[in-house]
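As written, the chain order gives the labels A, B, C and D, with residue 1 at the start of each chain.
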Amino acid sequence: MKMLINVPESVVPDALRGMAAAHPELAVDPDSRLVVRGDAPVAGKVALVSGGGSGHEPLHGGFVGRGMLDAACPGEIFTSPVPDQMARAAAAVDSGEGVLFVVKNYTGDVLNFDMAAELAEDEGLRVAKVLVQDDVAVTDSTFTAGRRGTGATLFVEKIAGALAEEGAPLERVEAVARQVSEASRSFGAALSPCTTPAKGSPTFDLPAGELELGIGIHGEPGRERRPMMTSGEIADFAVDAVLEDLRPDAPVLALVNGMGATPLIELYGFCAEVHRVLAERRVPVARTLVGNYVTSLDMAGASVTLCQADEELLRLWDAPVATPGLRWGL
Amino acid sequence: MKMLINVPESVVPDALRGMAAAHPELAVDPDSRLVVRGDAPVAGKVALVSGGGSGHEPLHGGFVGRGMLDAACPGEIFTSPVPDQMARAAAAVDSGEGVLFVVKNYTGDVLNFDMAAELAEDEGLRVAKVLVQDDVAVTDSTFTAGRRGTGATLFVEKIAGALAEEGAPLERVEAVARQVSEASRSFGAALSPCTTPAKGSPTFDLPAGELELGIGIHGEPGRERRPMMTSGEIADFAVDAVLEDLRPDAPVLALVNGMGATPLIELYGFCAEVHRVLAERRVPVARTLVGNYVTSLDMAGASVTLCQADEELLRLWDAPVATPGLRWGL
Amino acid sequence: MVDGEALDAGFFSRWMLAAAEDVEREADRLTELDAAIGDADHGGNMRRGFEAVRTALRTDADGAGPGTPGAVLMLAGRTLVSTVGGASGPLYGTLLRRAGKALGDAETVDVAGLAAALRTGVDAVAQLGGAAVGDKTMLDALIPAVDALPRGFAAATAAAEEGAKATVPLQARKGRASYLGERSIGHQDPGATSSALLVGALARGGGA
Amino acid sequence: MVDGEALDAGFFSRWMLAAAEDVEREADRLTELDAAIGDADHGGNMRRGFEAVRTALRTDADGAGPGTPGAVLMLAGRTLVSTVGGASGPLYGTLLRRAGKALGDAETVDVAGLAAALRTGVDAVAQLGGAAVGDKTMLDALIPAVDALPRGFAAATAAAEEGAKATVPLQARKGRASYLGERSIGHQDPGATSSALLVGALARGGGA
């Protein structure tokens, strides 16, 4: 697999140098691996910090800015960042109002953020954590690592970020983040595996004519392999999988998300099918976002995330946001 | 090649149905293949209409909205739309102030837009045209079809769109569009070919370990094939190719554009290298946009577009825009 | 159909329908050729256009079809312009519209008249696209075909096919293939190939 | 190094350096194993971490290195936590930090003492990650190794390697591999494999 890179070892810092060049409104430090709002700490505001392995861009660094995250700590490709880095991020953005860690539910992310929270609390910061665990392909039981955090991360970061921007206290920001997390479910399918720079070859074999259902965002194989399906069939499967876990009694926010290499024209076609299925299931859609937002390097495929949204969540969703990856109203 | 589609024949209308579902603020008609601002025609405003083959998303349909295009007419994949469609678009958005056609320089686009202009003028519309021809990989001479229109289309549509939004007359909008077009040059490289739904297999063979330099945005092979290069080497080659044709004596607008399947993390790394080369060549960069904007289906690779920008162009670049693909200040 | 005979609207309709069949059959090959030096859509473009021509000829004038040779070609040309897009849509559309216009409202036309009308159409294509023989375009098949047409359909077909084959060693100077520079050499031009199909379908205008 | 001997800080440093070498050599294999049932980064993670451990041991205390077995392990553990990330960083970091802490500031330790300290570390890993033997994790190599350690390094190494191999038929219940459900069966756990490397390096703590 060919990549537009220099050497595999420097992919993450190289990308951060590019972010620094393209986004002077952010404070990007390629060495200590932090992406921070240029105006942080923002007085009187709860700070949101997220992070995780790299390779999911624009998540998380691309969601730093007014109305969303205060800082992101990118780890190596698909590798949770380290506690020191997270604690440094927290210290850089805390205005005294406390810090909310948005953590995707992976063993590595959970353990490292836990350690970071201890470090930050040792420094006198108030830290709350919200776990994102939306992927219904994974059964949530005490005998598993629980559902993975995927597309819902964007909803949590956007909506909690909007509330924090309004000056809400840590408890309320944490509560709304938890509400969004609990109200969101996702399901994804891959048409091709991805290739990590370090490995240099696809993370799994996917023969022509087959697809993987129930994939995550780390190039891991899915739960099931099937003969290739049409966009409409995948939409049926994905939406029904989500709706088995989430029975919305309010309109939903929908994210039709590309895994990285699927062109927008295909994602929009898939979006049409997702809307068709939702209409058939009598689930009204309040807002739809289509694009490559929570990605898995150069994987081809898509995921669907639905979030049951009350009026307040929709208001916060519509609130202004100004980040490299998500921007409106500003 | 697997695609997230139903059948190859319906890729374009399927995507338009998805756009209609995701963007209620637009008037999208999958049957007559038009993407139109929901509030068109906007009284007192010159209308901008663009279009071309599909497969370059978000170009052009994703650039319809306040501060950019009034309408886009998507053709079949890589196929210029037809004159009737363009004329219908013009009629739908003309407020009486005239229509500017933004035309990428390809024989098909030029001929069809010419015919459309005749049709529209027959209906009493005032029509102006601007040709985008920025790709320095193609020599511009009377013995060729001239330079191709690629990344600069985004600059032309954004900047002329901002001026039109301010209420400038057709002549001024046309003049600024032409200024941007003439001040812009591009160069692209592909790491992989793309696959059109109709053909179902890659448009050309690109062995592991090689790349194509000087590609366009239609899956056509480039001017030259070389052993694989690093991101830094590609940046050197591309920026120097552009600067051979464009010798900016003012800061530039830079577009670091992905061809569709190149992940954002690689594009940002490439952006760092583009900035490095520009700094070495003493070309100051006023603004940088990084992302998959003018794409070629699932092609992997990137292009660089530079536009020499005076204060007025930068002001118009920074002006508010609210489209599915490009959005700020609104 | 003997070449010397008077060609009526029925002949012209059958010509277009035969062309539509040939295009349908050869669409994948046209796309393959276009993939090599263009953008892999020529087969789809021609298929979509001639499918629409077929429909237009069937449904025009309450199923009776256009009444004169000129009307058939003008309808086919207009249909191509409004359904094909790309470079080939306006070019083939212009070819047939101008040829049809040149035929006026004559009820029948002989082969010499057809050749003259097509020459008008081909000239319009050359003017519209700014190309000349040797630029590796459809003109490399069309011009020799029109030159040979007075000697009969078979001669025109042979000339068109030869012209199409002769594009292989040429470097393209017009259309998308020109972007490839020297790398366009060694491939047959897709438009010249589809032109040869169109000319070849003439001989079947009498039958089917 | 005879297993019964007193192990000093030098031994522990050499153990860590030997482990770093083994990890470096086997990094690609660890990544391959992780690609099959995880996210293809375990080799890179371990290499980065142990490379940092190597540097830390070299530069600590002005080049003299930490002075006690406990200090060596605590430094190595802290370094892994702050450079690895992922699941393995906190887990291996905790293993070594807790084992180091258990050793207190003794100047030397015998194998039984090492086994007891490592058991404390392994227990902490089990508590932190919530996993048990049979869940297809590093514990499947670590626990049998610690059980065997009082019988010597060779026994511990054999037990760790056996434990790692024994993960092949298991279905993962913790870590990323658990997402695959039954599809995790048939692959060796990468963390158990790296654990076997770490245990195997013990025997080389005396040399190099």
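Assorted remarks:
What we mean here is this: a contact is a pair of C-beta atoms (placed from the backbone, for glycine too) under 8 Å apart; a residue touches a chain by one contact, two chains touch by 3 or more.
None of these values were measured; they are calculated from a predicted model.
One finds 74 Å separating the Cα centroids of chain C and chain D. Taking each chain's centre as the mean of its C-alpha atoms, chain A lies 31 Å from chain D. Taking each chain's centre as the mean of its C-alpha atoms, chain A lies 53 Å from chain C.
Residue positions of chain B with contacts to 2 or more other chains are 77.
Residue numbers of chain D whose C-beta contacts span two or more other chains: none are found. Taken pairwise by the contact criterion, the protein chains link up end to end in a single open path, with no chain closing the loop. If you check each pair of chains against the touch rule, the ones that pass are A-B, A-D, B-C. Within the complex formed with chain D, the chain A residues making contact are 53, 75-84, 106-108, 111-112, 114-115, 137-139, 143-145, 148, 196, 198-199, 203-204, 216, 218-221, 223. Residues 1-7, 10-12, 14-22, 54-55, 57-58, 62, 191-192, 208-209, 211, 228, 230-232, 234, 256, 260-273, 275, 285, 288-290, 292, 295, 297-298, 300-302, 322, 324, 327-330 of chain A are the ones that touch chain B when the two sit in their complex. In the complex of the two chains, the chain D residues touching chain A come out as 31-32, 35-41, 43-45, 48, 81-91, 128-129, 173-176, 178-181, 183.
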